[in-house]
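Naming follows writing order (A, B, C and D), and every chain is counted from residue 1.
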Amino acid sequence: MTILFNKDKEFDLIAVGRACIDLNAVEFNRPMEETITFQKYVGGSPANVAIGSSKLGLKAGFIGKIPNDQHGRFIEQYMSNVGIDTSNMVIDNDGHKVGLAFTEIKSPEECSILMYREQVADLYLEPAEVDEEYIKRTKILLVSGTALAQSPSREALLKAVKLAKKNHVKVIFELDYRPYTWKSKEETAVYYTQVAEQSDVVIGTREEFDMMENLDHEGVNEKTIKDLFEHSPELVVIKHGVEGSFAYTRSGETYRGKAYKTKVLKTFGAGDSYASAFLYALVSGKDIETALKYGSASASIVVSKHSSSDAMPTVEEIEKLIKGNNTI
Amino acid sequence: MTILFNKDKEFDLIAVGRACIDLNAVEFNRPMEETITFQKYVGGSPANVAIGSSKLGLKAGFIGKIPNDQHGRFIEQYMSNVGIDTSNMVIDNDGHKVGLAFTEIKSPEECSILMYREQVADLYLEPAEVDEEYIKRTKILLVSGTALAQSPSREALLKAVKLAKKNHVKVIFELDYRPYTWKSKEETAVYYTQVAEQSDVVIGTREEFDMMENLDHEGVNEKTIKDLFEHSPELVVIKHGVEGSFAYTRSGETYRGKAYKTKVLKTFGAGDSYASAFLYALVSGKDIETALKYGSASASIVVSKHSSSDAMPTVEEIEKLIKGNNTI
Amino acid sequence: MTILFNKDKEFDLIAVGRACIDLNAVEFNRPMEETITFQKYVGGSPANVAIGSSKLGLKAGFIGKIPNDQHGRFIEQYMSNVGIDTSNMVIDNDGHKVGLAFTEIKSPEECSILMYREQVADLYLEPAEVDEEYIKRTKILLVSGTALAQSPSREALLKAVKLAKKNHVKVIFELDYRPYTWKSKEETAVYYTQVAEQSDVVIGTREEFDMMENLDHEGVNEKTIKDLFEHSPELVVIKHGVEGSFAYTRSGETYRGKAYKTKVLKTFGAGDSYASAFLYALVSGKDIETALKYGSASASIVVSKHSSSDAMPTVEEIEKLIKGNNTI
Amino acid sequence: MTILFNKDKEFDLIAVGRACIDLNAVEFNRPMEETITFQKYVGGSPANVAIGSSKLGLKAGFIGKIPNDQHGRFIEQYMSNVGIDTSNMVIDNDGHKVGLAFTEIKSPEECSILMYREQVADLYLEPAEVDEEYIKRTKILLVSGTALAQSPSREALLKAVKLAKKNHVKVIFELDYRPYTWKSKEETAVYYTQVAEQSDVVIGTREEFDMMENLDHEGVNEKTIKDLFEHSPELVVIKHGVEGSFAYTRSGETYRGKAYKTKVLKTFGAGDSYASAFLYALVSGKDIETALKYGSASASIVVSKHSSSDAMPTVEEIEKLIKGNNTI
């Protein structure tokens, strides 16, 4: 099965939400207290997906808010340099900052992130700054759950989704749950459900779907998709870590994707690289089964490298890995 | 045409949102600066509708939050005394207060309200305090727009609406727009649209629908209903002040209700008394045209009296006024 | 002993801080839940002292912040009508409200207050709104502790005290401790100490001095005055309820004032009426012992009446009660 | 003239206030947008002074608040490693973060800092976390103005100053004005004046003294010291950049210190290294004129190096530079 996109739209994908900075430990395999040097990369889930897609050849745009400071300008320049349209990135004039993520890589199994997310510009995107004319021009609107965590970004996202639906733009919802910023699990569940029910494609880990359903135990995929398929979604992808991912269609098909063997450096960036390649494959008209392979291969490549955004692979790298067929 | 309700449900109506205190000027026809004495009444749109419906004989319940202070206890006792089930009124333990409205009645045409709405308990209702088992038991869930103005009350309301739909409870949305508390018109439009599209019946003034559509000019009823009937609503009531109100059904009928002549003391409470009697008539199986008369008659009675809640009329008073047929 | 004031100053007293509204139960000797009617009076400690002093014939001014709404205008008009100079009362343009105090009079022994103090205008007085030229013109600057509870009113008060000292204006500090608004006892102690050490006269109850010293038990007057007399104060008045009050001078004298018998209606307003008459006597050149009698007599009169501000007595009433010599 | 310190005290100096992290551009002489690598150092004025003093051989302690995260632990370990007593560094349990300063070095003349100071742990030090027994044990309490910018750190500092004075500990006030966090110039002036008047030694740039005096033009040193010498200060040091610094004593002496020639890399850290060496000299019993030389020499050394804290010089380096006598 393939997903049909509106060929007349100029952009393949417009992502909306946060664009931040990752400060990755240069000296790794040690606690961050002993790391002295950090390297700066663009980060943030929707920014990473836009970068990854753009590197794979999709025509991508971005809606987000950045301050007019050194970090904000770096982000805009980097994204623009990889080919992303940044005409709808809005400048924050209220003193908000770029969010930061210091990554600590103790070992491939022990990675953690020290976040700076207080008063970050991305969460101050206003609904009035989301432009219907811009959204009209894309096949896919990619929304990321973290942008729902706080007003006014929350309302900007709800408005973007509404405009996408009105203009026959496919809404793809990357759950991208991060505990900081959210005030309660109930609140998370309310907005995740609200947006998931209005989306065409929903992608997340099993744990993220559990947040959406406000469960305190692991949920059941069949129950999740039954509820969602009563509303807008036509495709739901649920990721189960090393066990691979499952794609369910409204018409009743189920596909399983397997992870590729790799030498893991860290776990960051897996989800974003997965989404980039999965969307690339769907937009290119490949069937869902193949798209799952693209997603898995791309994730396997990124977890073996130092950054998330800079390390996004090319189509050739992905297809070479798929051809090797060396799955876990 | 009549609306069909689930006869098996124990409650006719459960209202959710604010219950406050009105302090009405005892000496009126003068500016408030010269008023020395104030009388205390229960106020707040959903509380008034619950009180009005209860006086008309409906079985009503209420979901809301009140502090454990003298004002909070007064509200609970008054509502309980008129027959409302208050088992789901939650006590606030975080120092929030009951909202206050000092009313100024300079003349029938010049009424204004001085509001105290900072850190009010009603806006701190948590989603976890909304109980699915309770909502299941009612024919109608009445939601009022003001409860959407701020978190966590906003999420509590969104959750209540979702639970009502899941349990085949009719959702009636009284737009009840009040400018305080809302941060921007865009924000208002986002949530009003979100809830209106999920409701079965939407009631408001033309100005309130303009807020929902984020218009800066007077909107057109036909455009409003066209958009809403693409989603859940089956009945939309748009009030045009002295010109009367219009009821539109999804099946294409339009009804017009006229206002009854009365000696106006003040304008407060008109909307809430309208909603009480309109809902009473619908639940009693009367057709929409008759329900509009009940609403108009009830509103005419309340605007001629000193309070909003205490002055809610009986069925006899309403039917007597309708029989007189003395419309504007 | 008498306190010497600068005779060349035009005002006897300028008070700085809050001017609010009291809503006093018309039906008393019952819980507030059963009170339906409330009467409106000007309230707030420094406003009451200005009103009381003005009624006794002192030339008084007021520095404070009020909104441009019905309650704000009522306060300004009332204070102006009793002869207070209101030229330095600043209008709040940021939507803050007048503070409210609903009084409940269950019995003479059981009085309580339900406060509305969220985002109140008086706590938003800015340091830039305190004018040195105005402060220069008074014999006494009366500061009340509650104005220290929050920024920017806190800084406005600290600035006013500094300007008073610079211009040889006597600073009289009414501790006036109210638990709401303050974040912690430590914070209270820090600012109370800061201001008390810079004042000429400090007046409060024993419990209020305990707050200043951050004690969790009853403190000892001798210790309190020993610490204060190492700094600016020359007179310290410590009130012990029905046991009367003690006045200590830096030069070593101690005076005791006794309470007068009266039929108590409620306890509100006792402190403010005490301060008004005590200051009136001091400014009139009476000795401290006599001033204590004026304070006690004035307090006894106010606690027998319904309001705090409106009930402030005349000189004749006070002197008649003193003459009767009917102390507890 | 020399300043006399209490020889019986165990610590030479206890600093109170912020300990943060500097992220210094590894690639410099370019805008930060083009810098990819950053090096991590301990930063923050009072932390730098404690580190600098400790390296010069003084026995130093620190009172401050840090989170229990990778950055917080790094700070504590670094400070402890250079010999500072960290027993009174308090752990923040409310999710506050370490403040960050990204430094940009475009050229020796064009340096700027990108600050992250939202919800930083150092500004959440509580007055209850300042221990009188600890303060008793030091000759000098060094307070830095930035800690006054916000509650509760502000009250913690006011309390520390009060305790120092009560226990005959010299209070040295480094004005250390930073525009972020402060709400208004009036507010800054109120607290800077409050603390300066209670200090024994006040050190700052001419611009910082202008903030203290709330001037919008350059103030006059003679006026500044006249006002301060009416209160506690006995020594006031006013720095005029490349023109050198002036030290004024209450007894009427004036000393001038000159800057030493150096190859400037950046301007950061000059003030802190100045204070460290100046205090070292004073505590060592050197006269004020000599102490000014130590301060200037230390500043000249630090501005030629990459970090602020790590680059703090030894006594030998300082004395060698002084001996060279190569002043500007």
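Just a few scattered comments:
To be clear about the criterion, contacts are C-beta pairs under 8 Å (C-beta built on N, C-alpha and C of every residue); 3 or more make two chains touch, one makes a residue touch a chain.
Because the structure is a prediction, the values reported are computed rather than measured.
The chains that touch subunit C as well as subunit D do not exist here; no chain meets both. Most remote from subunit D, judged by the distance between CA-atom centroids, is B.
Mean C-alpha position of subunit A lies 44 Å from that of subunit D. In this assembly, the C-alpha centroid of subunit A lies 60 Å from the C-alpha centroid of subunit C. A separation of 41 Å divides the Cα centre of subunit A from that of subunit B. Contact with two or more other chains is made by no residue of subunit D. Contact topology of the protein chains: cyclic, one closed ring where each chain has exactly two touching partners.
Checking each pair of chains for touch leaves A-B, A-D, B-C, C-D.
Those residues of subunit D lying in contact with subunit A across their complex are 23, 26, 31-33, 35-40, 69-71, 73-74, 77, 97, 100, 102, 104, 114, 116, 118-119.
Those residues of subunit D lying in contact with subunit C across their complex are 126-128, 151-152, 155, 158-159, 162, 183-184, 186-187, 189-191, 193-194.
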